[in-house]
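When the chains are written out, they are named A, B, C and D in that same order, and each has its own residue count from 1.
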Amino acid sequence: MDEFDNTMIGRGRDAIDMIVDPDTFQENAIGTYQCEPDYGPCASVGTAQLKGRPVTIIANDAQQFNERFPVVFGGVIGMEEAYKMAMAVYHSIEADKDKPIAEKRPILLIVDTPGNGPGKMEEIAGMNKATGSYQLALAEARKTGHPVIACVIGRAISGAFLCHGLQADHILALSKEYGTMIHVMPLTSISRITKMDIEKLEALSTSNPVFAAGAEFFYKLGGVEEIINKVEDMRDVIARHVDDVYATKAKGEFEKLGPWGRGLLGEERGGRVVRLKAMAKMDEEFEAVADQYLNA
Amino acid sequence: MQKWDELEKSSFLDANARQRAIGMTDKGSFTELLGPRDRFTSPHLPVLGTAVEFDDGMVTGVGRIGKHPVFVISMEGKFIGGAIGEVNGGKMVGTIRLAEKAAARIQKEHPDEYAARRPLVVISFETGGVRLHEANAGLLAHAEVMDAFQDCRHKLPIICVVGSKVGCFGGMGFVAAATDVIIMNEQGRIGLTGPEVIEQEMGKEEFDASNKALVYRTTGAKQKYIMGDCNYLVEDTIGSFYQAIADVADKPMAEIEKLRRIGSVKLVEEQMGLVKLVGDMQPKDAMDLWKYYGNEKPEELPELSTAEFLKVVKCRVRN
Amino acid sequence: MEFKSTRREWNTLQKDTLERKSAADQYVKEGKIVDAKDTVALLETVIKPYDKVNIEGNNQKQADFLAKKLCEVDPSKVHDLHMVQSVLTLPEHLDVFEKGIAKKLDMSFSGPQAGRIAQFLQEKKLELGAIHTYLELYGRYFVDLTPKVALVAATMADRDGNLFTGFSTEDTPVIVEATKFRQGIVVAQVNKIVDKLPRVDIPGDWVDYVIESPKPFYIEPLFTRDPALITDAQILKAMMAIKGIYGEYGVERLNHGIGFDTAAIELLLPTYGEELGLKGKICKHFILNPHPTLIPAIESGWVESVHSFGGELGMEDYVAARSDVFFVGPDGSMRSNRAFSQTAGHYAIDMFIGGTLQIDPYGNSSTATASRVAGFGGAPNMGCDAKGRRHSTAAWLKVGDEYALKDQLYGPVRRGKRLVVQIAETFREKLAPGFVEELDAFALAKNAKLPIEPVMLYGDDLTHIITEEGIAYLHKCGSMEERTAAIRGIAGFTEVGMKADPKETKRLRTAGIIKTPDDLGIDIGRANRSMLAAKNVHELVEWSHGLYNPPAKFRNW
Amino acid sequence: MVAWVVQSTGEIQKLVIKEEISVALQTLNFEFQAETPETMTKEWSHLGVTGSGDLEVLMEKKNLGGKVQAKVVTPVKGFDEVWRRMLGKFVNDCQVGDVSIEINDDNATPIVVYMRLRQAWAESSEKEAE
């Protein structure tokens, strides 16, 4: 990563410090819940203050490795990490369950992960359940009223991004000058599989962002709400989005947020235009026969 | 198209997505939505020189089991490995949303009969996850599906069916895990990382992807059943899947909730217990766990027929 | 008349061997046992530059440990070897050339290493003697290509060097016999050294050293075809074969080439064959490896005997339990033998049927591609009319009676002809044409400087071609012109087929030289997977009553 | 891919050939007229999957004055004539008329095309399912 002097890759903990109010991050503590200190070491969770408001922090820690699960290091989300992240979310919900939406604590995801644990033990025990449970927890928190903001500071790769990022209300990303990577697969792999020249693929990706790697393409698809051009701005931009999301939820406009909201945004930005037409046509076709299924 | 009665007797594994969709609902009840005649092909494949399909590799529609409307999503593994792109991803999300809206309407129009008329979503997974030709759109669609699942929670059951050659991997692996009920035949597989990638990451000595017996022991239906991750292990006929679905259709939601593996603090704690066991035990092979759960001769389990297996197998006990 | 007597020593070969052996005594532990760790030293001692050396390479079992160790010898001590071996499968078989240990090669089949052979020829790392059929190469072992040192593989040995080759005997007897009785040296790698062998396949007197290899020898389930991958088009061709050839000629004794086409035929015997009433009339005696896809036909009583070139992984218990059908030793395990099976395949069968890559308008067929020196293995031994054959059978006579050239070639005497059948789809996967105006074998001959094009089956031996378009009964053609027209008539939309004259094709149909599925009364609509007696490997296991134990890579449970 | 090529000098040269850059899918359109055409009984029918080496066929009844229109979408280049002949053979063998045929192909061999067309035709002509 020499080419990016100021990259945030591998610096999840630094990012926490740069974002939250100074010296407010209490690791492993969420409400009354206390996470075991050495559990899921490649994820860092806890509570901090953001502009005087408590927030739940869920970040990758690429400097650690999990000695029980040898494929989990460098920011990989293993089973322990995913369940730890899920618990952080569930206990945030629990802590604020009696509070109105305006007081439900924001959940901030600091994203720098290359993937899910690709190991044999992971498959035997069911890695899919671990990442799945974290996503369900985030979806529940979001629908309960917690603002969930993801900020991609480094790598947001494929399934790991799905798990840690794509269930947020809003997704933000540092610009590509920071070496930020958002993709399912690098263009080189796509080139190998489709047997197409990388130059041609690059040319195609400018007009169609659907397979290209990079935050700017996700932006066009509605997958990234806003790109943060200066790392110093992270804190303010995140805080602004927290306010935006509170306001939207206060109006009950949940559908403008989260994955569904990103679909609408994608269409607005001209990135994914066929899916909504397809769904509208499905609705229409169902309506024509609905009676025989709903009132049989 | 084959007659429904013949479909019920035929192999789920060998069937195509449309045959499965028709056969998982009552005779003559299935209406395809956004079928081939709508010609909603992927707009992204042609520029990459890749063949298209009129239904974009996914059959979606609605049928009935008794009075229950059944919203069906059936993936076609023969088309680009069943991978998810913009259009078929949209079809998947659209179908789940239709089910949720239908549930609301039935609540309103037939409040007394909701249990008998409660809709269900049935998803036959046959996919490796994201379609790389339109990877970004495919990825975003996965998140939308999880979002839509959460909206259906406690209202109507989402049933995962895996009985195909491709199995269910990649991002769709955790989508499957997030459903209420999982039904598999012996040939079904669910996982996150495919065997080739594990081999690449860990070396052939640790995991030989060409050793299919090993692959099935790791992610196959019998393993999932022992681990409590598969609720119904059925014979490989479309009719067996239909029967299992019909069984779920009439169960109260509270009972269906008990079939889940993730989705609440309690369930996550339960899974954390399993992860602790695995971390302590460091199993080299799924059979180590089978033995731990009381199967004296784990090596014999793969050889048993489904019926024999169900008779003798000892599974992880869930609280 | 004056007789000139030569004054020379008459036992130099023996002396040389004894010298080498006494130098190698230091490595012998007990009886004939050498420790695996001393293998390289042993080989450096008993092998001298320019020796003819055989590494046992079979279709299945491989002397893989010895092959690996031969690559580790010091090329300054051991070099310019002349490798004489039937099959080159392992990378090590070519590495010895790369490392300068070996120079010359005589072989039969190279499979996965075919590309490298072409490359090495070009780079002059390797001199090619000749590409043989198995029987030719075995023959030459006893004429001018006798190995000085043979590195063979067996399942077990005892301390005295007796070998148990068990299920996969394959080439071992012919290699050892040639080597040992011309004063050579035989080194055997075995999976296990035991006190008592189940049976003796090679007497210990013929073996000089045995080495227990750290891992069992590598074995490939080469003849296993998963029924789940059989296509409708293959089923159509199989129906055509059974009705238009097997049934038509009453073929009782035969060999099946490897591939999905023949696997489909095997799986249609208990269904379509039964429906046609052919049970007991066809497919009674096979010269064939134990194909798992033959299990349903055996179990439903079609097959009386099977003799095998080699074993097939997973079929051990099934074969042992069917000793009425297979050739099984007193110990209960099968005895295969490629030399005998090839002999039987050459003389004692009435039909060979197999696939190919390319057929030209003359009926020559070849599996060669321009950049791969692959060889033929044993197909040409069976895929030809055995000119020395003197016994008759009904099928053989019927083809002979139909043979259009018989009067011109041998007048009024009655003589039969072997059925030699190629089964091919006009286009293979990725739309590679199965019919071409010029075989790639021509380009290969030029590229690799071969004296003759590597043709697998010659046009004059070929009696039938089956494609999805129809069957061409080539032996009924009276001239090259007619034969070419018949081939074009079934070559579909390939460049060869596009040149067909529809009128001529129609005439050939009337004359019974071409028969389409319609002509044969076969409904294309019935050609689907529901015709198969077993649709997947699991069903083969069921047919076998659990005796077939498929290798892990063929399982989906 | 790597290939071996013989030069005029007899030398063999190793050539590294770049895979042909695939461009967009291509669409082929054909029209056929059988001698005594009959149309299908159903309004439309669909069969098959665009799997590797396979194809899907959509047939629709359409008033075309007895003609057949066919549209093929395929990634394979250079087989236009094969498609024309194969579809022509099908139309002629089955005497098809007033039908629009649409095919999505992924490298199907001619026999697979022909078998699928025959199956689709048989299905489109059978009585409505129960």
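Note that in this section a residue touches a chain if its C-beta (ideal position, glycine included) is under 8 Å from a C-beta of that chain, and two chains touch if they have at least 3 such contacts.
Just so it is clear, the structure is predicted and the values come from calculations on it, not from any experiment.
Student: Looking at mean CA positions, which chain is nearest the middle of everything shown?
Tutor: Here the chain at the core of the arrangement is B.
Student: So which has more C-beta pairs touching, B-D or A-B?
Tutor: Counting C-beta pairs in contact for A-B and B-D gives the edge to A-B.
Student: Indicate the whole-number Å distance between the mean C-alpha point of chain A and the mean C-alpha point of chain B.
Tutor: So the centre of chain A lies 24 Å away from the centre of chain B.
Student: Where the centres are mean C-alpha positions, what is the separation of chain A from chain D, in Å?
Tutor: 45
Student: Quick one: report the Å distance separating chain B from chain D, using the average Cα coordinate of each chain.
Tutor: From the centre of chain B to the centre of chain D is 33 Å.
Student: Calculate how many whole Å lie between the centre of chain A and the centre of chain C, each centre taken as the average of the chain's C-alpha atoms.
Tutor: 58
Student: Among all residues of chain A, which ones touch two or more of the remaining chains?
Tutor: In chain A, the residues touching two or more other chains are 194, 196.
Student: Check each residue of chain B and list the ones that touch at least two other chains.
Tutor: In chain B, 47-50 touch at least two other chains.
Student: Which residues, counting only chain B, touch chain C once they are in their complex?
Tutor: 11, 13-14, 165, 186-187, 210-214, 216, 220, 222, 302-303
Student: If we count contacts the way the header does, which residues on chain D are in touch with chain B in the complex?
Tutor: 22-25, 44, 46, 49-52, 54, 56, 58, 60, 73-75, 102, 104-107, 123, 129-130
Student: Which of the residues in chain B come into contact with chain A in the complex?
Tutor: 31, 33-34, 38, 40, 43-44, 47-50, 60, 62, 64, 67, 69, 86-87, 89-91, 93-95, 97-98, 102, 105-106, 109-110, 117, 129-130, 132-144, 146-151, 153, 170-171, 173-178, 190-193, 197-198, 201-202, 206-207, 218-219, 223-224, 227, 229, 261-265, 267-268, 271-272, 274-275, 278-279, 282-286, 289
Student: Within the complex, which stretch of chain B touches chain D?
Tutor: Touching chain D from chain B are residues 1, 3-4, 16-17, 27-28, 35-37, 41, 45-54, 76, 78-79.
Student: Give the list of chain A residues in touch with chain B in this complex.
Tutor: Checking each residue of chain A against chain B gives 68-69, 71, 79-80, 83, 86-87, 90-91, 94, 116-133, 135-137, 139-140, 143, 158-159, 161-163, 166-167, 183-185, 189-190, 193-194, 196, 204, 208-212, 217-218, 221-223, 258-260, 262-263, 266, 272, 274-279, 281-283, 285-286, 289-290, 293-296.
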